[in-house]
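Right after this note come the structures.
What follows is a pair of complexes built around chain A, which joins chain B in one and chain C in the other.
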Partner chain A sequence: MNVPPLIKTAGITKSFPGVLANDHIDFDLFPGEVHTLLGENGAGKTTLMNILYGLYQPDEGHIEVCGQKTRIRSPYDSLKLGIGMVHQHFALIPNLSVLENLVLGFEGGFILNMKDAEKKLKRISEEYGQAIDPHELIQNLSVGERQRTEIIKTLFRGSEALILDEPTSVLTPIEAEELFQTITTLKNAGKGVVLITHKLNEALAISDRISILSLGRKIAELNGDELRSMDEKDATEKILNIMFGGKPIPECSLVEKTISDQVVLKLEDVEVMNSRGVVGLNKVSFEIRGGEIFGIAGVDGNGQKSLCEAIGGQRELVSGRIRFRGEDISRKSVSKRHEMGISYITDDRMNEGCVLDLSLAENAILRGYCQPPYSRFNIIDNTVVDRFANKLIMDFDVKATGPYVRTGTLSGGNIQKFILARGLSTEPGLIICSKPTYGLDARTVNYIQELLLEESKQGTSVLLITSEMDELINCSDRIGVLFNGKIMAILDKCDATPEKIGKLMLGIEE
Partner chain B sequence: MKKIEFNDIAPAFYSVLSIVFALITGAVILIFIGKNPLLYFGQLFFQGMFSPLGLVESIIKMAPLLIISAGLLACFSAGLWNIGVEGQFLIGAVLAGWSAPTLASLLPYPIYLLSVAALGAMGGMFWILLPAVLKARYDMNEIITTMMMNWVAINLVTWLVKGPINDPTSVPAQTALIPMEHRLSMIPFTSIHIGLIVGIICLFIMHYVIRKTTLGYEFRVLLSNKRAAFHSGMNVARITIWGLLISGGFAGLAGVSDVLAIKGLFQGDWNPAYGMTAIPLVFLARFNGWAVVPLAFFFSFLSVGGEFVARDQGVPIFFVHILEGLTLLFFAASEYIEKRRAF
Partner chain C sequence: MSSLMDMALIGAVMASTLRGTTPILLGALGETFVERSGLLNLGLEGMMVAGAFASFLVGFKLDSLMLGFVAAAAVGMILGLLFGFMTITLRVNQIVVGLGITIFAHASCSFLHRVIFGNQFPIMFTAGQTHEVPLLSKIPLIGQPLFNQHWLLYLTFLSVPVLYFIMYKTSLGLRIQAVGETPWAADSSGVNVLKTRYIAILFGGIMGGLAGAFMSLGDLAFFVPNMIMGRGYIAIVVVMLGKWDPLKVFLGALLFGFSMSLTSALQVAGVKVSPDFILMTPYLVVIATLLIFARSTNLPAALCVPYERGQK
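Up next, the complex of A and B:
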């Protein structure tokens, strides 16, 4: 190619206290290509992209944009240079409309010309097939729609290069499909797209080039010819081999386990309102036995959150009853239920699962701080807490320099690992986990799934809410399908097929 | 479990730097209004810090600031903004002025002191109860409600000393004078009342409550992420109410200390407005109890010295408030710079 790359980094190095996040990375992106970044959790993918976006300054190395050596001092600079980024955990302002969010911070004179903006938004929507209602408030949008808004926002500002950091981890399969169509359209329109993902099948389906990072270094680059010369299976194998150094990935084993007769959790006609005051669960009844993994399938926003919170205790029941080991817990507080052995691992790790501004040690006791050994007579025992946090870090191989680091400095996947470690540490009787493997690299995904199976073999019951069809079918003993706050059907493992579940998820009964 | 930022040396550096910058800017302003900054600051420092009279005066003035700051540590570290310190202070003070003469004649000295202190602290707590409940139950902005309670308090105490609890034997609107032997005792060999020691003790208790206890932990979680607090089963309403009540209680106690030690009675139009100084003070100390002490000394030295200088050089007394404001301004700027430097 003779055209200069849209973006090129040469020898980019960035270190944080105790971590070398990027180590002499050369990376480039040409117009009309999709360049995918792969790498284990904490490999340095987000850091590299944040440098391109102007959030961090590199310690060494330089950046070229369209062949010109430049310094990107802030996101403002990077937007002006035509680089747009949609973050791993994106931040739109919830009580503004789509349109208002788009024009926010956009230079175009002091008086916001909403009419023009709306026209422009319409044009972009049509051009790239991204329909969205400009006047809808962000808080009323689904995650997929919010992400779409983020993408439109970058296009609105005339970005030529788009960085998408793990865009599909929050999407439903259908939304992911739509996103890939958009990416293809963008690519054909001559824009460059950097895609960060942990899902190899996605990467292989859409990438023109793949770069692999590990421990801050770029360890491989597969170009178009190489990728085309292999079929998907070979390519996957090759990439995993590069990423994890040939260490075998444990397969989800199907060792026999026994499900006890004891009913651990029993829901009887449970009804709750969701956070928007609409019916969240509509007379839901099911039971989970000791050692059973009960999967919940469903398109996001069909009552999953309400279900978790109803059992976890964060949401009040309108009617119905929940029993745990025979005892009625419908009116018990969150902490009481936690003491009884219910551990709820939320999927909203940044907003609910942890306090980003506090240290890992402080986050480790978010649930147990009131109980010994973490505190006695209301005095927190720091030595015990530190040791506990250290254990969580070790056991789950969390990439952090110690229990005192601010949780917000961890990479997305490592925060998720830490939260899982904490949720599983208490030897609970019931684990409610929502999207436990989202944002984790392939090896860790397997490890977590193994661990859930292991827990269930020890007699723990698990309520597994996930949008990954493979995970759902591989791990669950039975699967309930949620649609519109109702359980459409409960399938046994042996007759659960993706097609069947897919239909039920859309509300189509047999 | 170590706090991440609080213990580093950098914050102290930035706080001192903002004070220095504020003084320099103050000097420039003085030049503009035709005063000699060297003369002004020379006398300010000499009178407020190096003359025995000024020094003692400055130290005495620290007591209410320390006590109020102790309470503010609690609510600020929970992200609750009690702006109504003045009102709670006045309620505590008026209760002390009203009850002390009677209780003093009925009870032995130590018990009398403790009862008046408890009464004042409870008064301060009572005065913030409504804002606290409104915040906890309806998430009503406590900045506005506590500020409104200030105005109510100011008017209420004026009315009280004019009528219901007025001392009929004296002409002005005030309560009965507390005899000298019933005042707060002095630290041995000094003319500094024990309010200073009370303040230091309060401060350090709160410093450790915030860092070592479960309540303090709850405060810190609430400050940074209310949703996580709720999600993990904390009783957010209870924590909110406690945070605000503690701050109100200490403000009331400060009122008691000033009445029992310095004023000896409660006067209708008396309002030292310590809140205006204590609130920036706690920010400048970055919620660190140890750092509050030197800063409280600095601020009370400013106001004592400023009073002296105002008489001599005709620089209005509120010039020291300008210095305080400037300090806070530079402090805000330094926080911004520090954040930028982190990347």
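Up next, the complex of A and C:
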């Protein structure tokens, strides 16, 4: 190619205390291409992109933008150079409006000109098919809408190179489809896109090139067209082989299990308000028996959060009743329910799941820190805590240098692994897990699904909320479909097809 | 009491409400921007003390009121810079630095006052002059109390809509809100977090200094070390009461100014209640309003949290 690459990194190296996150990485992106980055959790993908975006300075190596050697000292520099980034975790200001978030940083004058900004937004929405209400506050948007705002934000700045760090992990299949359409439009308009993902089918569908990172090094670069000319299964196989270096990938076993007759969780006409003060759940009733995995399908924002929180105890019931092992728990506190054996694993890992400023060890005992065995006479026993945190780290293969690192320094997927490890460690009677495998690499996804099946075989009940159709159908024994806070239908595993569920998710009854 | 006396009393209450409101409002408006940017400036009290002293010293010695006000703004700004350097650049705990600045300002101003003036509390006779606004001051009843006041008082009240505009309609205001809420997201949007916070604290320092200067050169015409009497802290409370919105902060400051003025009026009117109790009322009013209105406050999420890139 004669055109110089939009971005090129040469020998980028970056280490953090105890980890070599990037080890002499050469990476480039040409105009009009989609270059996908794959790699297991903690491989160094986000770190490399953060360096391109000016958030970190490399220890070694340099960056060229359009053929010019450049130093990128801050996101401001990189935005000026036409590089935009959508982070793995949203970089939006919750109490500002969509439009205010779009103009922030490049307002174009002291006095804000919102009229012009709105026009520009309209133009972009039409061009790329990504619409959003400009005056809504970010905190009132669903994750999907937030993601869309992030993407529009980079388009708004006219970035030539776009970095998308796991943009689809929080999207529903339909939203993801829309996003891919936008990416194709961008590509055809001559922009370059770096896509980070853990979903191989996405990578295969859209990439011109695929680079694979492992332990901070770039270990392969594959051609998208070549892979597409292969059988899909072989292509996937090939990528997985490179990514995990032949380490075996646990297969989801379909061993028969027995579901007991005992009803573990029973919801009777449960009604709650959601955080926007509108009806979150509308007379929801169902029951889960011992050893059963009850899946919940639904487009994000149709009451999933309210459901989790109603059972977990974070949200008060307006009416109805919840019984756990026959006992009415509707008025019991969060900690009481936790003691009784209800474990809630949230999907908001950065805010609700853990305290990023605390160490792994401290996060490990957030719920039980004042009880034995972690503390005696209210004095925390550090050796016990240490051992416990270490066990979580080992069991779930969390990439961390030890139990005392700050949780915020872990890669996104590794934080998720840690939260799962903690949630499953207490031998709960009921696990509520929302999007348990979001942001995890293919191998870990299988491991976690296997683990949930294993738990259910031991008699634990699971409420599984997920937007991954495969996960839903493979793991669940029964599936409830949520729409507008109502359970549209409850399907048995044998009649659940993606088409049927998809229709119900949109509120279309048979 | 004759109705003429009533009128006079009402007029006096109005006038003293405005004068009592001004220093608190100045400090609170500055603090509104400071807190919105993620800094809690407990040094405000000290900045007001230093402003009061510096303005009186310079004004009195050089016999220039204008230079006195300039000196107050400059001293406030320097203390703001000190606060900024310690908390933004060195990331020292904001509470500690703020209280440190207040204690330091108190002590050094008392000390310098004693060294320079001995046991004297001289009066600067040119200070405290009021300016009649043509025409408006002729309105019966409210003309004199509202429109025959010190220039800084007018400026302070006029600044409320201006600052409201800056907070919500300008890029600076937007950035200040952003860095106080989610600094790393602001950084990632291309906002210079540290610079924005510095701008906010320098402004807060200037406003604090001027608040002090209004006490010693605008309202009164002398300096005594204890004259600020917690007004800086009250301003911080008012900011919380006003939920970091310049207009609501204005109402909060006015409420406090009014209850202070009412206390003096009650004393003058000779109400038979213990004077100690009367002196307490402004604080009781503030506590009561806080209990009623400020129960669900949305603190800027990054208040008191230093920012360092790469520490999500």
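Points worth noting:
Methods note: the second predicted complex is superposed on the first by the 505 of 510 C-alpha atoms of A that agree within 3 Å, B and C clash if a C-alpha of one lies under 4 Å from a C-alpha of the other, contacts with A are read in each partner's own complex, and residues count from 1 in each chain.
Quick note on the criterion: a contact is a pair of C-beta atoms (placed from the backbone, for glycine too) under 8 Å apart; a residue touches a chain by one contact, two chains touch by 3 or more.
Keep in mind that this is a model prediction, so the values were computed, not measured.
After alignment on the shared chain A, the placement of chain B and chain C results in a clash. In the superposition on chain A, contact is made by A:Tyr369 with chain B only, not with chain C. In the superposition on chain A, A:Val299 makes contact with neither chain B nor chain C. By the touch criterion defined above, A:Glu352 reaches chain B but does not reach chain C. After overlaying the two complexes on the shared chain, residue contacts for A:Met488 are found with neither chain B nor chain C. When the two structures are aligned on the shared chain, A:Tyr56 is found in touch with chain B and with chain C. In the overlay built on the shared chain, the residue A:Leu96 is in contact with chain C alone; chain B does not reach it. Across the superposed pair, chain B and chain C both touch chain A at residues 55-56, 356, 406. Per the touch definition, chain B reaches chain A in the complex via residues 1-4, 212-215, 217-218, 220-221, 223-225, 227-228, 230-235, 343. Of all residues in chain C, only 169-172, 174-175, 177-178, 181-182, 184-192, 298, 301, 309-312 touch chain A in the complex they form. Interface residues of chain A, counted against chain C in their complex, comprise 50, 53, 55-56, 74-76, 79-80, 85, 87, 89-96, 100-101, 103-107, 109-112, 153, 350, 356, 406, 408. Contact residues of chain A toward chain B in the complex are 55-57, 313-314, 333-335, 337-338, 346, 351-359, 361-362, 365-367, 369-370, 375, 378-380, 382, 385-386, 389, 403-406.
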